[in-house]
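We just call them A, B, C and D in the order they show up, numbering each chain from 1.
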Amino acid sequence: MDKLTDNQIAWRAAQDIADGAYVNLGIGLPEKVAQYQPPGREAVFHTENGILNFGESPASGAEDWDLINAGKKAVTLKPGASFFHHADSFAMVRGGHLDVAILGAYEVAQNGDLANWSTGPKGVPAVGGAMDLVHGAKRVAVITGHVTRDGRPKLLERCTLPLTGVGCVTRVYTSLAVIDVADGRFVLREKLPALSIDALQAVTGARLLTPGPVADLICPEL
Amino acid sequence: MDKLTDNQIAWRAAQDIADGAYVNLGIGLPEKVAQYQPPGREAVFHTENGILNFGESPASGAEDWDLINAGKKAVTLKPGASFFHHADSFAMVRGGHLDVAILGAYEVAQNGDLANWSTGPKGVPAVGGAMDLVHGAKRVAVITGHVTRDGRPKLLERCTLPLTGVGCVTRVYTSLAVIDVADGRFVLREKLPALSIDALQAVTGARLLTPGPVADLICPEL
Amino acid sequence: MERGNALDKTVTDVAAAVADIPDGASVMIGGFGGAGSPIELIHALIDRFRATGHPAGLTVINNNAGNGHVGLAALIEAGMVRKLICSFPRSADPVVFTQAYQEGRIELELVPQGTLAERIRAGGAGIPAFYTPSSFGTDLAAGKPVELFEGRSYVRERWLKADFALVKAETADTHGNLTYRAASRNFGPLMCMAAAIAVVQARRVLPAGGIDPEQVITPGIFVQRVVEVARPVQEEDLNRARATYPLEAE
Amino acid sequence: MERGNALDKTVTDVAAAVADIPDGASVMIGGFGGAGSPIELIHALIDRFRATGHPAGLTVINNNAGNGHVGLAALIEAGMVRKLICSFPRSADPVVFTQAYQEGRIELELVPQGTLAERIRAGGAGIPAFYTPSSFGTDLAAGKPVELFEGRSYVRERWLKADFALVKAETADTHGNLTYRAASRNFGPLMCMAAAIAVVQARRVLPAGGIDPEQVITPGIFVQRVVEVARPVQEEDLNRARATYPLEAE
């Protein structure tokens, strides 16, 4: 099945970030969103470990290891940056000051539940800031492949893995579609043009509603 | 009856402040304590509105009205001073970081209850930081005339005025004596040499215990 | 690449900065006494009220209740304040608040100072309630839940948020990053966090990046509007000169 | 007048700074990953353990669980840590913690990162408990009281305090006023507040007054000991060089 590349999913998510927005991007795929800010818009990126308005990675060898993001990658600063301690950083998160948080997911349920921190009792559990982000940002979006690596749906009626947050996700950007969570159901907003709704439904673990028009999900080559 | 001057009471209270102590002094009489730090000792004074290590008043005309204490008097800074916002300031108070707070009182009860913010339902109530200070500092002391202006005892079995804090005071410096609060009773530690215990008891509204020696309360002329 | 300008939070003047505060709004006003009091923003609000009759019925959160006949005292004197939440409604010259209070024209919610600060921080930090030892066993804890932790009693207090905050800063950049001056910092950083719209008057407004990231006290995420007031008056100076606002009422 | 010297909080070296941390102590360790990690203080603690067998049985509070075989990872590898309270026990090379955890040699209390930060701040600020939306409805809220405020559910969390904090600062003065460097600030200011004894290594130690009062991030009231470590190593650099501690174990 044709699908969007990671860069293309990130590009699509970036189109919904308003000029002047304060944004937190999760570690991994969500980080790519920063690269695709539309021309004419400027967002401020927040990292949980205490920086607002950080920029791209420095050149290799030019890293300052006191200047890292939540993924512990070296970053740079943009004009208007600031540093703050962890309690202030999560005051920004929990206090509703971020316009949007974009996170990865193991599973998203049609009621907006998100599971993205634990794959079960095996291994070492690690949560980081995810549980704070899902209850803080004004808008919590997920960016993810539509199915798992072995082809199982990630969008489900109910999450099967340990939850990160209850009823927190409002939009999901996948490799196949853009889907909103509304009133406890998935609402299909955009899909790849070549993909039928039936084909999309077949790889989705919960019913997709189409109360309104379904737009073509068209991204540049990336 | 012979009694200590305000300056002398303040001097006596100052003798109990250890070298390096962090101290909050209430508005009015308690402020005088700062003038009598014993030689060889240096305390750091905290003011609720956001300064550590402020010093004396500036000369008249040299005031900076952004540099004031909780009593809204102009102050100066000593080396090692810092500014901080109100939440941090009361984190210092409530979090037990002050070694001693010295406050004024309308009434102190033998169980350590303090009334110092309201003289009853008449007038405009105002509390400021007193209710925070009494539950924060490691040691809460009161400095006060032994009796009211019209001669009524301020040390009582129970407070009659609205409370500032419950069971918070551990030592009272008065114009006649130094009295500890221990196990819900007043314990007399020092009194003016010329004053008999009976005479002191006569102007005190609760029983004074003397389980140990009672020292002479001797202050320099001030 | 063309740049966005939504991050430029500067507005042209104090009148524009407070033009949309509606009747009945909750307004946090920074300052401890005169230090940090955003006099020019307050007076702009009074000007608007005199010209339009709005905003009225405000709930104001401030540590104090004004002094003399300028700033917050003038706001109360103009009859714009329905309710005041504060810790210490006394001052050198408290006549305006005292009269309004005694005549029943203004409601007072008295809050211990540290609890006031923490409630505002909680509002900004998304903490709906917390426990404090302050006020336990006193009249100010009446009706509030009490809980025992490790053998000690604590009072549960709720967060405090507001529709607007009026705050005085020393330096701002266009993104709303702020520094303060000396003890005028007091409630400013907290109120910027706790208000939906934080309006800041700053003595200097610099381009983004004009403040060292290490020295930012209030990060711009907490600030929605910035207006330059290059020569702010000091409440204390006005009161020593026995000023009133509006000035023609002298 | 003769001056006191109790306000001079400097100690001679890192060994003296950690000499009295007892078996079973709770120890907050600053840093987010390597940024702000007080490597020299941690290694001094390991040196003491190797020489004396103490301290053992520590409860460590840190955002992470160490990386490679230096710093916190080396502390765990030495067998000194009984329990870890953290939010994210993964790293580029988490083998030390992972093995200890899987073999049941270390207990883990996993806390959401923002809750961890707020619990530490609460410990420092005298707030025994607070409500947060974070973790509501998840396994990490199991057994915690839940309350509804304004129609939304919140979990009650308790303060977190410690016997000691080990913190890395950029500049200190002798009174313990601190500045930090960039994102190495992270947990330092909070842990200094929440520990009975905050031990700080700083790249430079200045006389009192050497830091502008406007630029103090941690006021000295929160700091009990200061030791100068003029050329601190960076955990990231050690790990890129595949270092282990003690170095002779390489």
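Details
The definition used in the following text is that contacts are C-beta pairs under 8 Å (C-beta built on N, C-alpha and C of every residue); 3 or more make two chains touch, one makes a residue touch a chain.
Keep in mind that what you see is a predicted model, and the values were worked out from it rather than measured.
Contacts with chain A and chain B are shared by C, D. Should one ask which of A-C and B-C has more C-beta pairs in contact, the pair is B-C. Per-chain Cα centroids separate chain C from chain D by 35 Å. Averaging Cα coordinates per chain places chain A and chain D 30 Å apart. Taken residue by residue, chain C touches two or more other chains at 118, 121, 125-127, 132-133, 180-182, 213-214, whereas all remaining positions touch fewer. Under the contact definition stated at the top, the residues of chain B that touch 2 or more other chains are 51, 83-84, 87, 90, 93-94, 135-136.
Shown here, the protein chains touch in an arrangement that is not a line, ring, star or fully connected set.
Two chains count as a pair here when they touch; such pairs are A-C, A-D, B-C, B-D, C-D.
Residue ranges on chain C touching chain D, taken from their complex, read 118, 122, 125-133, 147, 149-150, 152, 154, 158, 179-182, 213-215. Touching chain B in their complex are the following residues of chain C: 32-36, 63, 65, 87-92, 94, 97-98, 101-102, 108, 110-118, 120-121, 132-140, 180-190, 217, 234-237.
Across the complex, chain B meets chain D through its residues 18-22, 39-42, 44, 46, 51-53, 77-84, 87-88, 90-98, 135-136. Within the complex formed with chain C, the residues of chain B that make contact are 47-51, 63-68, 72, 83-87, 89-90, 93-94, 113, 118, 124-132, 135-136, 162-166.
Within the complex formed with chain B, the residues of chain D that make contact are 1-7, 121, 123-127, 173-175, 177, 193, 207-209, 211, 213-214, 216, 219-222.
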